[in-house]
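Order of writing sets the chain letters: A, B and C. Residues in each chain are counted from 1.
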Amino acid sequence: MKNKSKFLYLSPVVIYAIVLILFPILYILFLSFQTNDNYGGIIYSLTLNNYIKIFDIVYLRVLFKSASIAFITTVICILISYPFCIFISEKKPNVQKILITLVMVPFLTNSLIRTYGWIVLLRKEGVFNSILQSLNICDGPISFMYNNLGVFIGLVYTLLPFMILPVYSSVSKIDKKVLEASEDLGANAYHTFTKVIIPQTLPGIFNGSLMVFIPAIGMFFIADLLGGGKIMLVGNLIKNQFLVSRNWPFGAAISIFLIVITFLLVKLYKKSGGNMDDLGGF
Amino acid sequence: MQRHRHLKNLFIFLVFLFLYLPIITLIVFSFNTSPLNILFEGFTLEWYGKLFSNTTLLEALKNTIIVSVVSTGISTFIGTLAAIGLQKYNFVGKNFINKLLYVPVVIPEIVLGISLLSVYTLLKLNLGLGTLIVSHIAFSIPFVIISVRTVLNSMNLQIEEAAHDLGANDFKTLTNVIIPEIMPGIISGATLAFTLSLDDVIISYFTAGPGSNTLPLQIYAMIKTGITPDVNALTTLMILVIITVLIISSLIQVRKMKKEYAR
Amino acid sequence: MKKVMVRLDNVKKKYDEKEIIKGISLDIYEGEFLTLLGPSGCGKTTLLRTISGLEKVSSGKIYIDEEDVTDVIPRKREVNTIFQNFALFSHMTVEKNIGFGLKMKKVPKSEIKSRVKEVIELIQMEGFEDRKPTQLSGGQQQRVALARGIVNKPKVLLLDEPLSSLDMKLRKQMQVELKRIQKKMGITFIYVTHDQDEALSMSDRVAIINNGVIEQIDTPRKLYDAPKTKFVADFIGESNQFNAVVVSTQNDEAIIKLEIDLEIKVKNNHYDVGEKLTVIIRPEQFRLAREKDITNCFVVKTKEHIYSGSFTKVLGKVDKKEIEFIIYNDDDYTKNEEVKLKFSSDDIVILEESNEE
C-alpha cells in the first residue's frame, strides 16, 4: 500500500523530469554533434564542427557582444534596485508591501505589450520625440531605439523585477539592530554600508544577477523589436539557426554552450552560499 | 535614516515612473482618436468596440487563456503531488530528479524552447495547442514544486502523524489536512505558473503552430506588421482585470486580518 | 487486581542495526498515569510511538486492552497521541481540530458537536471555538491538543513531552490541569518526559528508561527512596555515590569501607566479606555532627556555598571525592572550611554489585 501511494505521488514528476527535461536536453546534445544538409535536414554523423564553429570570429563577436550587453544590463539593474530596495525598506511595513506589489503589477501584463509601449514612447515619431520637438529642445528626432540604447532600455525594463525581488528580500532581512550595533561600535555610514549591509545582501544581489544575466542572453524579441534587428544576442543567433538558416545542429551546439555557461554560473552561485529554491521562489 | 528623505522618495518615484510609463502610455492611447498612436488627439471608445470584432485578436486571447488555464491546472496538480512525494519518500535517483527540476528554472528559456521543438519534430508531432500546453507545463512544474516545498518545509511534520493517529486514512490525511495546510504554497505556485504562462513569449514562439497563436505571439507579429489601436484597448482591459483581482484579493486579506485581530 | 490496559512484551526496535529499544516488557494498568522518564536519546519517545503504532516494532508484542495490536496501523488503534509541538491543524478552528478524530470515525454531526462542547468545557476554553491555532497562546494550544485527543475517549492517551515548549510557570499550571483531567476522564495516560520534577509530581508510576531498557519502574516515592541502580539514584534527585567493599560482617551489622578511605557501619544484608557495594547518600541525608569521632562521620573540606532560600547547598571534598550536602538555614551553622557530617544508616541506599548489569 505504501508503495502504491509512493508511485502515485512520484511517477508523474519522474516521467515529467525525464520526458520534458532530460530527454530534450540529451536530444539537443545529440543534435549538436550532427551535420546539417543544405535543406535543413540532419545528416547523422559524429562531429565537433558545430562547437568549433562557435569559435569562429563572427560568432565569437556575437557571444561577446551579447555577454557584454547582458553584463551591463545586470549592472544597471543592480544600480537601480539596490538603492530602490534600501529606500523602500526604510518605509513602514505595510507601505513596503504595497510598493513591492506595485513593482509586480506591470509584470503581470504581457512583456510584449509592455515592449510595445516602449516602442510607442521611443520611436522616431514617438511620444518622447514629439514632446522634445514641440518644446523645441532639439531639431531632428533622437534615435532612442534601433540601437544599443533601445535594447538596454528593453532588457533593463523587462528584467528589473527579477533583481528587485531578491535584493529586496535580502535587504529586508537585515536586522535593524545590526545596523544600530554597527553604529554603536563606531562605524560610520560608509563602513556600515560596505562592511555590514553589502555582505549581508550579497546573496540577494547574486541571485538577482543570475536571474537577470541568463535571460538577458536569450531575449531575442527585445533585440528584434527595440534593436531593430541590428543587434544580435545569442538568443537571436539560436533562433536564426532553428527558424531561418535551419542549421539545427549548430543551434543545438550554441544551446549546449549556453547550458554549460549557465551551470557554471549556478555552481558559482551555490558556492557563494546561494539557495537553489530562492531562484524560483518569487 | 531620515536624511535626504525627499531625494529618496524622488528616486522611488522615478523607478515607478520607469516601470509604469509604457503601460500608462498604452492606456492613454487606447482612448486616442488617432490610430497612429503618435500624439493624443481626442477621446474615443472606438477601439474598444473594434476589439470585439477583431477575431484574430480574440482568437489569440482565447488560445492564451486555454493554454494558461490548462497548463496551470496540470502543473499545479503534478507539482503539488511531486513536492509532497519528494519530501515524503526516498528513492534511487531522487537527487538527480531534484537537480533536473532546477534546469527549467535556470537555463535560458530559448534553450528549453528549441529543445522541446526538436523533440516534437523528432516525434513528428504537429505543433499546436497541444504542444503549447505541454511546453508550458514543462516550464511551470518546477516553480509550483518550489512554492509548495517552501510551505511544506515550514509545516509541522507531526500533523500528518496526528491525522493518522486521529483515525484519518492516507487519502483523508492528504485531502483534509495536508492540502489545506499547504494551500498558500499551492496558490502561490499556481499564480506563478499562470503568470509565467500568460507572459511567455520565447517558449511559445518555438512550440506554437499555425492556428495556435497566443496573444503574445499575435502581438509580436502585429508589432512587426503594424499594430492596431484595439491592442491598446485589450491591454487596458487586461490591466483592469489584474488590478481588480489584486484589489479584491488584498481586500479579502485585510478583512481576514481584521477578523483575526478583532478578538 | 487492576486490569492491564497496555502490555508490552519484550518489545525491541532497531534502526539500521542500532537497537534503540532492547527488549522492554511492561504492564500499564487501567486509569494509571505512567511516565516514561529518561535522558534524551534513551528510547522513551520511540517506545511511546510503538504503542501508538507510528513506529513498528522490530520484535515483541503489544497488547491494548488484551488485544494484540502489534500489526495494527495507527488509525485503527484506540489510542491517541498528544505531540510535543501540539501538531494542531493550523487551517482548522479549535472546534474543527477537536472534532477531527470523531469526524474521521464518521460519528454523527450532532454527537460531534455535543462531545466537542463537553471537552471544551472540560479544558475551560469556552468562547474560543472559532479561533485558529495561531490565534491562541501556547497554553491554549496545549489544551486544544489535549482536547483533540481525549474527545475520542481513547483507551490510552499517549503524551510526548507535551509541556516542553511551555514556559516554567505555564508548565506547572498545565501539570495540575493534566492531572485533573486525567482523574476526571479516567483515561490511562502514558507520558514521556525528560523532566524529573514533572514525572515525580504527576505520575502514579514512573519507568526510568536508559539506553533502551527500563532501569526501574516504581512509584515516584520509591524511586527516590529506594533506587535500584546507580543510574536511577543519579537521575532522580541528587546523590553522592561511593564505591565500597565489605570489610566484616557481624549478625545484623556490617562494616564497609568507602573509596574515600572511611569505614562506616551499616545494616547487614547477607553481605559477604569482600563484596563490592555502592553506597548512595542523598545530600539532605547528611546532618551536621557535633562530636568528633562518632561512627559514620565524614570530615568534609568545603569549597562552595550555594544559598537557596530555605537551605544552602554546600559543595565539598573528602579526599579527592566531591561531596554535596545541604544545610538548612535555621541550623546552627557558620561557614567553615571543615565540616563534620553524619548520617543515619537507615536512610541510605546500598546497592549490591549484582544489581548492576
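Convention: contacts are C-beta pairs under 8 Å (C-beta built on N, C-alpha and C of every residue); 3 or more make two chains touch, one makes a residue touch a chain.
Note that the structure is predicted; figures quoted are calculated from it, not measured.
Common neighbours of chain B and chain C, by the contact definition above: there are none. Of all chain pairs, the one linked by the most C-beta contacts is A-B. Every chain gets a centre from its CA atoms, and the centre nearest the mean of all protein CA atoms is that of B. Using the average of C-alpha coordinates as each chain's centre, A ends up farthest from chain C. Rounded to whole angstrom units, the spacing between the C-alpha centres of chain B and chain C is 56. In this assembly, the C-alpha centroid of chain A lies 17 Å from the C-alpha centroid of chain B. Inter-chain centre distance (chain A to chain C, centres taken as mean C-alpha positions): 60 Å.
In chain A, no position touches at least two other chains.
On the side of chain B, the complex with chain C involves touching residues 156, 158-159, 161-169, 172, 176-177, 180-181, 183, 260, 263. By the touch rule above, chain A contacts chain B in their complex via residues 1, 5-6, 8-10, 12-14, 16-18, 20-25, 27-28, 31, 80, 83-84, 87-88, 90, 99, 101-103, 105-121, 125-127, 130, 157, 160, 210, 214-215, 217-221, 225, 234-235, 238-239, 242-243, 248, 251-252, 255, 258-259, 262-263, 266, 276-277, 279-282. Put simply, chain C touches chain B in their complex at residues 52, 54, 73-75, 79-81, 83-92, 100-101, 104-105, 131-132, 135, 148, 152. Of all residues in chain B, those touching chain A in their complex are 1, 8-9, 11-12, 15-16, 18-23, 25-26, 29, 36-39, 78-79, 81-82, 84-86, 88-89, 91, 97, 100-112, 114-119, 122, 134, 137-138, 141-143, 145-147, 149-150, 170, 192, 195, 198-199, 201-202, 205-206, 215-216, 219-220, 223-224, 227, 231, 235, 238-239, 242-243, 246, 250.
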